[in-house]
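One structure coming up, written as structure tokens, with questions to follow.
For reference, chains read A, B, C, D, E and F in written order, and residue numbers begin at 1 within each chain.
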């Protein structure tokens, strides 16, 4: 892979978000962060998982998968091996958990929204791009439900976006590409809401460790990147102040 | 789904082919036929299946999969069920067989090209669109190999494209969309090469039957559609006369 | 394997059909075509697949499997690998589709008939032998249902049989054995009904291609073979003119 | 099912054994015991399981499976469920263990013989019929190996046969059919060799229990039945005194 | 592994049973026989398998599993391979069958008791230790149900214990450890009730065979060992004469 | 479940660690934290995963599983469902990653240590207890290797322990039990080394969110708990200053 030379350590890679690319889904978004590209679709179904039946409460869940040639070396499909691999399961649990934190499940009513995050091209940060893009598809699906008369006010508790930060050869970097991520000593995935609170913080010493001070600096970096992503989400969604909280 | 009103029974739906949308694959093409959209990527690997090892001969194979929300109703992923479903297996066997018919496997040398056909949006004709689009990705992969010095002349025996035809309420139609296909009495998938020969003909009476005369008329329709698809393949590939046979 | 020398290119291999070999099944038939031998049993159950429930309509389905030593080299059981292999799934889908074309599913009523086609010995043409033999077992199962008072007239739309044809070293041959099939340039499986219409035509260029003229000649060959197989089906079933349409 | 009225409690059901019904297998036998019918084929392969490699020793193993409509009510295939069911695994382990007891594995040399026991019709006693029939197929496979020059003397330690006995409503019965077996208080499967020694005794109180005296009486019954089965094996195999020990 | 030198051929290894080690289970027991150690827990659920629904009858079943490092060489988990291995299935069927023989399933009422037998350390005799220990857990679960008012009298038909015996280098030994078991010519697992009747006898010639006389001597040995195990079960359970039959 | 009333919010539950309970494993530890109890065994094997072969480098990996009745309601085994569930996979990836951070894989040499963490009783904090207990088993396995002459100095980069903290009804609590964990608004799992650095921080808003200040307070709590756990690890291991770094 070609050598990436960053101009700035604290800048996001070029980001784009495109809505409504799928004619069937109740909401959809293609998000690109650098060369990473993820298709996110939202499917609304009038049924909830068994453990929620009859409680009048809704559910939001996610599935995450890499297309075989989304990576430099082709990866076999999970279906060929007869099971979802551990990494994918871990990521889709993270995405679902994060999105549920942004939704008022009681106000959603007894229905389930499934966010499918299919990675077309993977160059680092696929899980955080999935969360950020899936949020856009989710909002459109909620608007579709509102159009169906399911509720008057979107059952949203907050906006939501995610980004990665890391320590690479001693330097703190925002929004790592694959090459940076694979050589990082420390890797953080951070999910925040529009009020500036944290929803999920996952910091891992990949061969390295991190101090309290480094953590603080990385969370600052993440926070500024997430702020920028939320601005783009609002523009993409043509966010109406009457609509948002 | 909205009602489709055809102007002409013997016309293809609008077709587009776009190359090189994937930065990692040795060849790639997104093909759209009406609302059907398929991502085709070609992966070159320096190994062949066990039954071919040591014979100096190559292999071409395909995998086919629907993204969960490629259809009006979301379909669960194969990986969630632990196996590739029967329909997908049947289709990927057809795609692989058709592509192998167009390639000189001896001249390819001991390497394998895998064509991944991932359906983003399905509105009928996904298997024939996969074959037509995968051929474009395959040619680019062969050019990439030529660039690597694997051979001087592309190991191609012919060009290749496919289309569906059917009998719907007694009328013969070219290039069926899902709504037409699901009400068809007879459904044909036809794969042809550039010399006008047939590589595969699969005709099925879905509730209906067909006579020898009807078959002839349907093959005529298919033949004209395939002719048109091949013209677009050539333009897409910027096909060089010196390159083709 | 010993060399097969055909006397005639347009003759079926010796065929036998034997009914009622299984004491439990509602219908059963062992069909032999040359050295190919398939056990077909029909099971009647008072339930239909979920997508048909409550519609008063019936269903016909098939399962196909090779016994491990039905072939020259023992093949591992699907169960040992935890899934039905792709080829078997494709074949059982073909068998089920063909049989459904011969049955009036509305008149059958809300019940399902499963045709199990277990190949005891495989020497080419196992899928077409399965269709031809399964039809005999199916008719006996329908007679059994008639005996139970399910209906007065057998819910059959037509008779049904199938055969293979192929082009081997340039020559067109009827009813290929394994050795011929594995060297064939072109391979056709043809399913027809008693009115001379086609129900399924699957033609594949296995390394070769075929023209419109060759297709016509192969369909003629298939048609004459199927005619002969239907005569044997009628004798085997002691077909009563009052019974048939 | 029709009521079975036994004339004698200590008689075997009618038994037949037929060799060489399969043209590919190195040995094969169809055994019928009453309405129970099992196809046994022996496959010789020049490889042994990993734990035996390089020791110059052979292996004998078995697989057991019910065809779907071998029983009064159709049973789904293991492959449809993605695994071999527990009962089948237990039975095939018993068959393999019993056959290995009759073979001199050192003298067999580094090769594996697989006995496939496929039950066509099941009316009780399928596991014991499988052992008795598989032994016949095994001997023919060993003769085939001798014909290939693998050894001069068949590597057999003894002959081998098996039968079931049970206590049904207080009465001891030899060779239970399904109806008797399913109402038995006690059920024994007994495997013996030609010297009158036991190779396997499996006695189970199915709702009942058994005393030492009852066990002795059941083993006497089994012993006489096995004696008779061995006589038929010898006739079927045209057993040559020079060949046997 | 170190060499075991037995002082006596007819003695059990040191046995201990400990109740109530699990705070959640309705009954639980850790049984040690020499270095073999098995955790047995009983779970009571108010539902029965489908084939028993609505009959007012109960069910007792078992699951058996080796922890990965219960053995000298680590064994991969079944879950990693996607299926329960054959040996485990055979053993859990034996455990369940044996326990059901000791319980009055009609008096149990429509509920299911599952006995989980997880082997922590395996040094031979794990299946018989599982039966003996699971019986203790089962009695405590029945007492728990009696405490809940399910019945007044424990629905027990008898006490129950199991032991192995074998012939090792010509000598008959009680309660084999792994090293003895793996070199045994003959191996018996014997399950008996408190009345001295047999519930299950499984005798296998592992490379050897056995005569009627040897079987009698082995059953005598087993009988004395089981007598001793039952005395310890009674002490462990603080068995109240009013409680037992 | 009974109501837990904590005396102090910042105290660990009672902890015990017991070494060498397994006679086969190269290292083993049973750790109890309140009612949570985990068996940890270390297995040393002279092979590494394929991606590390031939590099002279070692590997440390973990497997995590709940025994079926480790919980208030019995959970079915993964093997019965044919796959490892997502939660278990995520946890075992965390355990393995954390342990690798404490080991000098280059100095370990080309061998793999597998830590099996089998939860006998689950009352919250099973993943952190697994890490803390597995570290003890790992050190004993490394000592065993040193005893075999694999190296002179234990290839350890640091000590390692883990604990959970959470916000429950607004209050910060150390070392949550299941009941506290299931009602927590925020849940942190923290892994630290002996130098006071972080190896992994996973903070999740389960229905709630958390600010930068709350995070700091929770990390303080975790840090003090981990300090205490490390003291107990040293006593359990009879840690020799000459041995440790």
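Going forward, contacts are C-beta pairs under 8 Å (C-beta built on N, C-alpha and C of every residue); 3 or more make two chains touch, one makes a residue touch a chain.
This one's a predicted model, so the numbers in the text were calculated from it and none came from an experiment.
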Open item on the list: For chain D versus chain E, which are copies of one sequence, does the interface use mostly the same residue numbers on each side, meaning over half shared, or is it different?
Closed with: same
Task: Relative orientation of copies chain B and chain D, as a Cα rotation angle in degrees, nearest 5 - done: 120
Task: Furthest chain, CA centroid comparison against chain F - done: C
- [ ] Express in whole angstrom the distance between the two chain centres, defined as the mean CA positions of chain C and chain D.
- [x] 33
Task: Centre-of-Cα separation between chain D and chain A, whole angstrom - done: 60
Open item on the list: Please tell me the distance, in whole Å, between the geometric centres of chain D and chain F computed from their C-alpha atoms.
Closed with: 51
Task: Interchain centroid distance [CA atoms averaged], chain A/chain F, Å - done: 28
Open item on the list: Give me the residue numbers in chain D that touch at least two other chains, ranges are fine.
Closed with: 82-84
Task: Chain contact topology (line, ring, star, complete or other) - done: ring
TODO: Start at chain B, step over to chain C, and keep going round the ring; give me the chains in the order you meet them.
DONE: B, C, D, E, F, A
Open item on the list: Quick check: in the complex, which residue numbers of chain A touch chain F?
Closed with: 82-84, 86-87, 89-90, 92-93, 97, 101, 193, 195-207, 209-212, 215-216, 219
TODO: Within their complex, state which residues of chain D touch chain C.
DONE: 22-25, 28, 35, 39, 41, 43, 45, 63, 65, 67-72, 74, 77-80, 82-84, 114, 116, 118, 120-121
